[in-house]
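What follows is a pair of complexes built around chain A, which joins chain B in one and chain C in the other.
Moving on to the complex of A and B:
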């Protein structure tokens, strides 16, 4: 399949998709870069038609020196780290559980995938109004049933609540990838370890976990890329209040709430750099995985 | 020490009984081979001894101690798996050391034992490699190394050579036999290849559908097969089994003659037929003969290069005292 003719035919047929994709990505990217170096405040009368003032790196330094910047980076890291930790630990446990032969395995597996199909906005609303509402939420009823004072989740434990919601959405993804990895483990290796005198926990630690290492890296990297851009869950629940303002949300506020497009664009460029660092690692590891 | 005794052992998977009540003694230091066609329960039997499967009823004794409910790790047995089951993320050294680490030996003792095992198996140069960087034969040796460091009471081998190519298989067969001579430890070896069984075993256990058909030394099985199944299974090429008129002449329901016990003669001879396929190996020639009126095909071995080809008529003289006789139930008539 690798003759000269077939290769040029392949290039020819791929061209429309590549051109479309490039246009789709390059135009916004270049505009963001351009805006980030200009003073662009639409409410003060700035517009592209009249020409924007070039301000150099002023937006970049202002974005960095803002008192909200470092807290937002910290919030982002806590959120991404928290979600990763929860989805990995629960994902491994669930994957082991689903790997056991049991009645109704097929149905259970489909049920496990279900949260992944719910739109982020919808699931955040469901959690906010059905589960976490301090008056009528299920958790509130549960707390009262045991005689405890209901927790105002999204005010008093706002970041943890959002981590919980996002983890619930991403757990199926982690579980599925880890489940396929566990299923590919040679059962004779576990039996050999059993003969070698390794009890259950040591078999998990010395055989299963190293076998899952690659799947875990993939889950971490793919999730990190998507979690860095979490937005809907924050917008719907806290609106960035109570210490839930991530970097993504900060950029949104700079552009929409403050109507400072130049400043927001500079933040966007920082986010692009951050995401690309992660993406490079991801490509290398996934690429290595595909070669092997 | 490593005497293994099975007493009335049965195994069922659900409603299916794969091993009906079975008794067997494996003596200390013996090289015992379980042989039989695929699906005969030989691997299951090995896994029952190892403790990887629970027996349904009966008892297993190791060195006179009841081991029926003892966990695999505490039975003092080491197993070599068909897929080798090496730990891919560990170096050869760590693979071999794994059972010792689990037994919480100190580091000095572990290093000493690993290096001794490695030198016995010619693995010293490969200790820091990963299993993925080794050839099939080397992986096999690592698997054996992981078994011998523990000084087990007995070794269990589950078709260990079936993933190797023919030349390597012959080499590893010799290595395992030599290892047995040197260690003098009990070995239980499962294979479907009767050549492996004949060449390696002190004692062969022939199994069919979970039932022991015969237990004996390789030559006992060759010379006095207890029934038609063992007669047909042991020996290569297979024994010729015939029923009908020819058998009746010998007062039997079935008679069997091995290909090497039929002589090719110029003329005369008791039987004759036409040559179908002639396999010339140089040292021997195997003829597959049709139209004998005895059986569909008759296999005959002639020593050296005999110049007969497809379609030729061949005259045969069976050695009368080498004819095995069986009754209607397939059992040997003495």
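Moving on to the complex of A and C:
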């Protein structure tokens, strides 16, 4: 039984973590909120010391009505949706395949998991140059070999290319989690269905997929949170050009390139709201797990 | 009883799985291979797979251009420092949540997780202002603190799920025998928790090593880790595939090796115990 003394000791031991995270969350958040309601252009001499002019919701409406806002939301949704779709579909197929008996399963697992550990700047640069370069990349060699005209991937198919790169990075994560879930599937149930003559697709649809539902939800939510803030992959490949400017990147450009802190902060608040909508769903699922 | 699998079926599965595995691994393989070619061989059409003169000159050139050891050292300090600091803060917190749970424990855990969802770009400017104010810009210390805070929720969660599995009776027994709280943590809990703590350290070291938003935005010359080392190759420059490959290989090899050891913990750590 926990005594009263150990309870207060427990609270004392939680304090550093709680205080640190509280500070980490609140201080920048309050500053961002404050800036978002002000005119704050450091290059024109605005600074906190001299006091910032309060402009109400002007930044918020300007950010929403800017011509780059909706395209950036669309780009974000296409990118997150595309990566989710690819990693889930391929991840499920790959997980089922890897669950079968085979020779050298351990080695295959290692090969499949490897991309997850490559740092984002490296994978973006390797794909951009070694694979997707329109003259010297492997894809260009391959295209020419089959007599086709090489594609300027990051210009003509920029968004799809970035989706491809990011999917390559996240496929291991999806596969690994789905594989873990599949391995806990009761094989007797599958055998029974097989004996009863249920065809492969039916077995997949009515037994495997429902069993994976929870893992799939987790993959979707966790990936969404990471994908919403994809940065390095865009930074080193297109720099936001050719229709690859996501909401995150747009805010980055407002804050760093054009040094419009007020406007960028308003965008940041939008991004925080967006991320929190996703987060609420994730927390529900993880929270349920805590009770179990 | 397990299903009997025909040898033929096993062969087909093996072939399919290996093919896909090799395709997925190909970009990494190709990078490592190219790092041993000359620049001319690197762009040879058709691509050279085996027949070329292996050379180490790219590694020397990369090293000449930017001091790899300095970036590597920064990466080690930043990733290692933030992980160790995070562990030190998280162990007591996770301990108390796992063994002295209160009504609010669940809420605190979920709230900690929610701080992880704060998009970095939303708070980039305030953080840079604070960094300027305290002279932390382009210092390893500043990044250690930021990455520690970013990964703290994951560290607490991972430790919490590991600690939860340690039977509380053992701790009670120690308490009965008159162990103080400090002794209980130091001599009873810690030895049992070491495997969990080790995997937590491993995974968070990897996450911190690969972090590429704060490390790119808050460093310049002094504290730049390997993510920035590589980013300096982002503008095209004549023939540079072999050099880029060498630099990439140098940046990913340490973590690739650690990563292979941590694949099991990865699932657990990144799903916050929701998939086991």
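Note that in this section the second predicted complex is superposed on the first by the 283 of 292 C-alpha atoms of A that agree within 3 Å, B and C clash if a C-alpha of one lies under 4 Å from a C-alpha of the other, contacts with A are read in each partner's own complex, and residues count from 1 in each chain.
Convention: a contact is a pair of C-beta atoms (placed from the backbone, for glycine too) under 8 Å apart; a residue touches a chain by one contact, two chains touch by 3 or more.
All values reported here derive from a predicted model rather than from experimental measurement.
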Overlaying the two complexes on chain A, which is it for chain B and chain C: clash or fit?
fit
So, does A:195 touch the first partner chain B, the second partner chain C, both, or neither?
first
Output check: A:9 vs chain B and chain C. Expected answer is one of first, second, both, neither. What do you get?
second
Quick one: is A:62 in contact with chain B, with chain C, with both, or with neither? Answer first, second, both or neither.
neither
Would you sort A:39 into first (chain B), second (chain C), both or neither based on which partner it touches?
neither
Is it chain B or chain C that touches the larger share of residues in chain A?
C
Now for A:211: first (chain B), second (chain C), both, or neither, which partner does it touch?
first
Now for A:186: first (chain B), second (chain C), both, or neither, which partner does it touch?
first
How wide is the angle at chain A between chain B and chain C, using CA centres, rounded to the nearest 10°?
80
With chain A overlaid, the minimum CA to CA distance between chain B and chain C in angstrom is 5
Residue overlap on chain A between the chain B contact set and the chain C contact set?
191, 194
Spell out the residues on chain C that touch chain A in their complex, using ranges where they run on.
2-3, 5, 10, 13-14, 16-18, 20-22, 24-25, 27-28, 30-31, 34, 42-43, 45-47, 89-90, 92-93, 95-97, 99-100, 102, 106, 108-110, 112-127, 129-130, 149, 152-153, 156, 172, 181, 206, 209-210, 212-213, 216-217, 226-228, 230-231, 233-234, 236, 240-241, 244-245, 248, 251-252, 255-256, 258-260, 263, 266-267, 270-276
Sort out for me which residues of chain A touch chain B in the complex.
186, 188-189, 191-199, 202, 206-207, 210-211, 213
In the complex, the residues of chain B that touch chain A are 50, 52, 72-74, 77-79, 81-83, 85-90, 98-99, 102-103, 146, 150
Going by the contact rule at the top, pick out the chain A residues touching chain C in the complex.
1-2, 6-7, 9-11, 13-14, 16-18, 20-21, 24-25, 27-29, 31-32, 35, 48, 94, 97-98, 100-105, 107-123, 125-127, 129-131, 135-136, 138, 141, 144-145, 168, 171-173, 176-177, 180-181, 184, 187, 191, 194, 214-215, 218, 222, 225, 228-229, 231-232, 235-236, 248, 251-252, 255-256, 261, 264-265, 267-269, 271-272, 274-276, 278-279, 282-283, 285-287, 289-291
